[in-house]
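I have placed the structure first, in the form of structure tokens, so that the comments after it can refer back to it.
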Amino acid sequence: MLEFFMLNITINGQATTQNTGSCVDAIIANMQLVGKRYAVERNGEIIPKSRLSETPIADGDKFEIVIAVGGG
Amino acid sequence: MLEFFMLNITINGQATTQNTGSCVDAIIANMQLVGKRYAVERNGEIIPKSRLSETPIADGDKFEIVIAVGGG
Amino acid sequence: MLEFFMLNITINGQATTQNTGSCVDAIIANMQLVGKRYAVERNGEIIPKSRLSETPIADGDKFEIVIAVGGG
Amino acid sequence: MLEFFMLNITINGQATTQNTGSCVDAIIANMQLVGKRYAVERNGEIIPKSRLSETPIADGDKFEIVIAVGGG
Amino acid sequence: MHETTALTIAGRIYSSRLLVGTGKYRDFAETKLAIDASGAQIITVAIRRVNIGQDPTQPSLLDWLPPSQYTLLPNTAGCYNAIEAVRTLRLARELLDGHKLVKLEVLADDATLFPNMPETLIAAKTLVDDGFDVMVYCTDDPIQAKTLEDIGCVAVMPLASLIGSGMGILNPWNLEIILDRVSVPVLVDAGIGTASDASIAMELGCDGVLMNTAIAKARDPVLMASAMKKAVESGREAFLAGRMPKKIYQASASSPREGRIGT
Amino acid sequence: MHETTALTIAGRIYSSRLLVGTGKYRDFAETKLAIDASGAQIITVAIRRVNIGQDPTQPSLLDWLPPSQYTLLPNTAGCYNAIEAVRTLRLARELLDGHKLVKLEVLADDATLFPNMPETLIAAKTLVDDGFDVMVYCTDDPIQAKTLEDIGCVAVMPLASLIGSGMGILNPWNLEIILDRVSVPVLVDAGIGTASDASIAMELGCDGVLMNTAIAKARDPVLMASAMKKAVESGREAFLAGRMPKKIYQASASSPREGRIGT
Amino acid sequence: MHETTALTIAGRIYSSRLLVGTGKYRDFAETKLAIDASGAQIITVAIRRVNIGQDPTQPSLLDWLPPSQYTLLPNTAGCYNAIEAVRTLRLARELLDGHKLVKLEVLADDATLFPNMPETLIAAKTLVDDGFDVMVYCTDDPIQAKTLEDIGCVAVMPLASLIGSGMGILNPWNLEIILDRVSVPVLVDAGIGTASDASIAMELGCDGVLMNTAIAKARDPVLMASAMKKAVESGREAFLAGRMPKKIYQASASSPREGRIGT
Amino acid sequence: MHETTALTIAGRIYSSRLLVGTGKYRDFAETKLAIDASGAQIITVAIRRVNIGQDPTQPSLLDWLPPSQYTLLPNTAGCYNAIEAVRTLRLARELLDGHKLVKLEVLADDATLFPNMPETLIAAKTLVDDGFDVMVYCTDDPIQAKTLEDIGCVAVMPLASLIGSGMGILNPWNLEIILDRVSVPVLVDAGIGTASDASIAMELGCDGVLMNTAIAKARDPVLMASAMKKAVESGREAFLAGRMPKKIYQASASSPREGRIGT
């Protein structure tokens, strides 16, 4: 019944889960991006970094988490 | 009082007059275009040649009467 | 002792022999060029066709016999 | 009778005269080229600078006296 | 498509791949002589207001070049937006008794006569929906040329260089991409200056060439028209014949290397 | 001289300004078909040793292309110095019963087939003194081209680019100086790759073009020969017709600016 | 505008007129060395998803090229419509703490990476309204380049030739019209292959050049970066110095004609 | 040889690959400023008759440009045959105290200033036998350039285009053959018009560039001299760095194709 308490979400196109009640900053922590430069989009809307810790994750959320890479 | 019975119209951007009750074919006749290739637009709408003789001129009508000329 | 009666000559860079006493037209005949377009050079000098039959071959003569071929 | 004692010479294409007995260095002095960079050709032959003072001028001598100028 | 020998536009076959304009000539007689020397079957005409008061007894362009003998291609030269262009071609259709084949050109400004692509896309859509067979003057942008084909235009006609400039083909590489992408006929329109410009366009694989000034403003327009006819045919034949490969610094003798006389 | 319409070389008039070589074809039949499609009247041939042992019953080049129908132009392809070249052309004269018109080319090396100009000048002098009418392959150096005219050559033939390279005209500016300086016919020889290259040479004012590989090594030599015929005629007509001036960023409308419909 | 010596974009002055990309290098170390050799102050970066599972302890691009030392220019490479491009740049702005200067490029397809102009116009309008300072990759269509300026873009960046092609400037004439029409900085973006290509762009009067592949894919990227730095400075100085006029066949001696020695 | 980084002529090493002339400037002050801005170490001078009656108190060219600071390269500009050229350089050697490094140019005529190659070959042989180190102005004929090397010239200097024309490099293909054939330094002499022309010459692999008019007749000669210094360095570095290959219609993205945001 564990999954009963889990949220099914998508990060960068990949399905994964999070504990209910956690906020978006938890994802950043899991990805070890704390202190790095990144940006987060949830369901097509950008979430400012300042709000990540106050934004609860909802079941079915789709996240895009991006960084800067080399490009022309 | 003659102008009282005249219609004020515009042909190819120039103001002119026509007798009340006349149809568009009268303009073609005046311009001696009968038997030539031309096209007539009244107030932005094309009048097929076949309809010119049944289309009465109204006061304030704007006509464009065109022919083919040399062009690249 | 046969070679005693033969002349050693070169035609188009290849060594060959001719009977003593024969004239240049004999070479043309051997090469089956009679009636064709060709030119003959002996030891660097051109021999006019008209003279081939009166030009005896000498031992050691070097001949160039040429025709026209496709060229740009 | 003065010209009797003078030598008729040509310098850079212009006719002029010099006193008899003078050497080529006199020309250089007249032209105020002393201490400058120049070269002297007499009748088509170059005279080394070191020899100018020991080279007497002869009547009819043709001199070219050149310097360096701007050029591409 | 660009490989076939006959030029087919909107289902009709043309033996000549040279299209010419009728402007800028000394008079109608010269126009007629030059056009006939060019062998062109499709000729462009402009649509203009009748000048009130002009002598109606004078022969007109169409008296010299009757629709019975030439495929007239009314253009929208002088139109600077989609609305003007559409109005002009609807008048042309009425004038030519329902004629559907037209040349759309929407210009951006007088100084360059460069195509206004956004307006051109709008006008093309409107005209295609209205049943016209649209040949369209455009930039050499391969993407928008393809869009014009997708809209339903029957031919795309990128400029070689500015109208009336005679600068020739400034960017053959873009033309090559267009030829690679577009299935309808691709004709170079505008910028041809001399015969070799037309040959080069055809050697690239273009389906045809449209020109006016290069002929009309040559010192001898009729002779230049003949030159252009041969140039287009020559370039087409060279394209179909398949040119030799270029060899950079590897000369090869045209005569056999063997059998040279000895020394 | 370069303005006249007929091509006159050594006092003889030719209606075709395209000269072609006879090398590199699949066989004599293709050679003959291509040459006839080109309309060429002057065709070059090489002089080579008879291969001892070759089947003498086989037809030869001249059986296919008899001197009675074509002006044969023997060349010295493969000669690397003046002596070889002179010997070769004397043999050619004997072979062709006193024929005087010849093409002199003295090559520098196999890799470039570039003209050896010092040897070319020597050979040209010798041949002119010996009564030949010399058409001479040379670099595009305007000064030495003029020298060759002064020596008495009947035509100068600068290379457009390396023989067999198909690179086209690499330096039209030098050709223009040659055309300005030289009175005898100037023909572009070597380097033509496709039809427009030939058109461009003629538009520059050249009196003719000589080519071989561009035709023989096209995918379809006979069709390319036809393309070249039209290209040379087209370029000549364009030259005589006088092209429109180039206008840099000054477009001018081909349709009248007046009388456009109002809005 | 194009005459001034300092490059000003969105009110900020840059001493270097060379902008470089950060893609295609062997590693970050080489990227850093090449960028510093180029003297570039503005460098483009792409925005991409974090690869889940990638080692987060590894240094990232921005560790090597910190925003404190370079003006980062996030681009939309890989976006094929306006919506993707706008989303990407909004993420970039968040990522770079509100950074407004961005490079918009909406590509048409993978094969050409040609700009999709209709989508580019839509995205540019949206981004300008959203407060971005938009530098925009576009075709060399002078009309649409002007439209992009009118929309409020801070720089227009026409391609010289296809991205990554190294073909150089295929149509300088269109660039000249753009420079004549547009007041905001005009930078050539894409297609530069070697140093002289960059010089030529600057000699035309362009305000700057943006490149990536020409440096990253040279045999020695760091040395090529230095070459490009000098090429851009050299071309700019030549533009400002005012080149001598070209003289066609009118040579003039560089040395005085008088005073040569007699003979 | 052309691969080495230092320029060595007649055993002496030069850090600058730009050689400049001293003619056509407003005055000696501008000449000096421009030459110093160019960084040139070798500067050409002409040899002329002293004007009788000219003010001897005025400073001369060599007072501004002393042989102690520059390598003077006396030329034979204005000489139209071998004899004049040899006489002129012997005077130069006397004038410069036995200086051996000279520039030979034998011109054909005033209108083109084109090299007279036959006379150039004669003069080169005479001068080499007389102990001179001869740098020789010549045509771009690869065969005669090689002959000049074989005669013993220390550098060959083909023209890019006519002296003073500013037309740039008209035939890079011939230069490439020369670079492939000749081992002594190859410098482009004459015809450079702007900075990119010099870059292109160096990118081809030339060992140096000699110019005069392009700097002296720019609107701002001193700034153009600086541009030329950077252009030559830039072109050389690009040559050594090894440019990316050109890709014809095969664009490749500069940003990674993976990891773009989903939609």
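By written order: A, B, C, D, E, F, G and H. Residues from 1 in each chain.
Keep in mind that, in the parts below, a residue touches a chain if its C-beta (ideal position, glycine included) is under 8 Å from a C-beta of that chain, and two chains touch if they have at least 3 such contacts.
Computed from a predicted model, the values in this text were never measured in an experiment.
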Contacts shared by chain D with chain G include exactly H
Among all other chains, pick the one whose mean CA position is farthest from the mean CA position of chain E.
-> D
Rounded to the nearest whole Å, what is the centre-to-centre distance of chain A and chain H, using the mean of the C-alpha atoms as each centre?
-> 65
Provide the C-alpha centroid distance between chain A and chain C, rounded to the nearest whole angstrom.
-> 98
Distance between chain centroids, defined by C-alpha means - chain A, chain G (Å) = 34
Compute the distance, rounded to whole Å, between the mean C-alpha positions of chain E and chain F.
-> 33
Pull out every residue in chain B that's touching 2 or more other chains.
-> 12-13, 41, 64, 66, 69-72
Sites on chain G at which at least two other chains make contact | 21, 23-24, 46-49, 51, 75, 77, 87, 91, 112, 114, 163-164, 167, 173, 177, 212-213, 248-249, 253-256, 259, 261
Who touches whom among the chains?
-> A-G, A-H, B-E, B-F, C-E, C-F, D-G, D-H, E-F, E-G, E-H, F-G, F-H, G-H
Report the residues of chain A in contact with chain G in the complex, numbered from low to high.
-> 11-14, 16, 31-33, 36-41, 44, 46, 48-49, 64-72
Once bound in the complex, which stretches of chain B touch chain F?
-> 12-13, 41, 62, 64, 66, 69-72
Quick one: in the complex, what on chain G touches chain F?
-> 173, 176-177, 180, 248-249
Which residues, counting only chain F, touch chain C once they are in their complex?
-> 21-25, 28, 31, 44-52, 56-57, 60-62, 72, 74-75, 77, 87, 90-92, 94-96, 163-164, 211-213
Using the touch definition up top, name the residues of chain G that touch chain H in the complex.
-> 21, 23-24, 46-49, 51, 75, 77-79, 83-84, 87-88, 91, 110-114, 162-167, 193-196, 199-200, 203, 212-214, 216-221, 223-224, 226-231, 233-235, 237-238, 240-261, 263
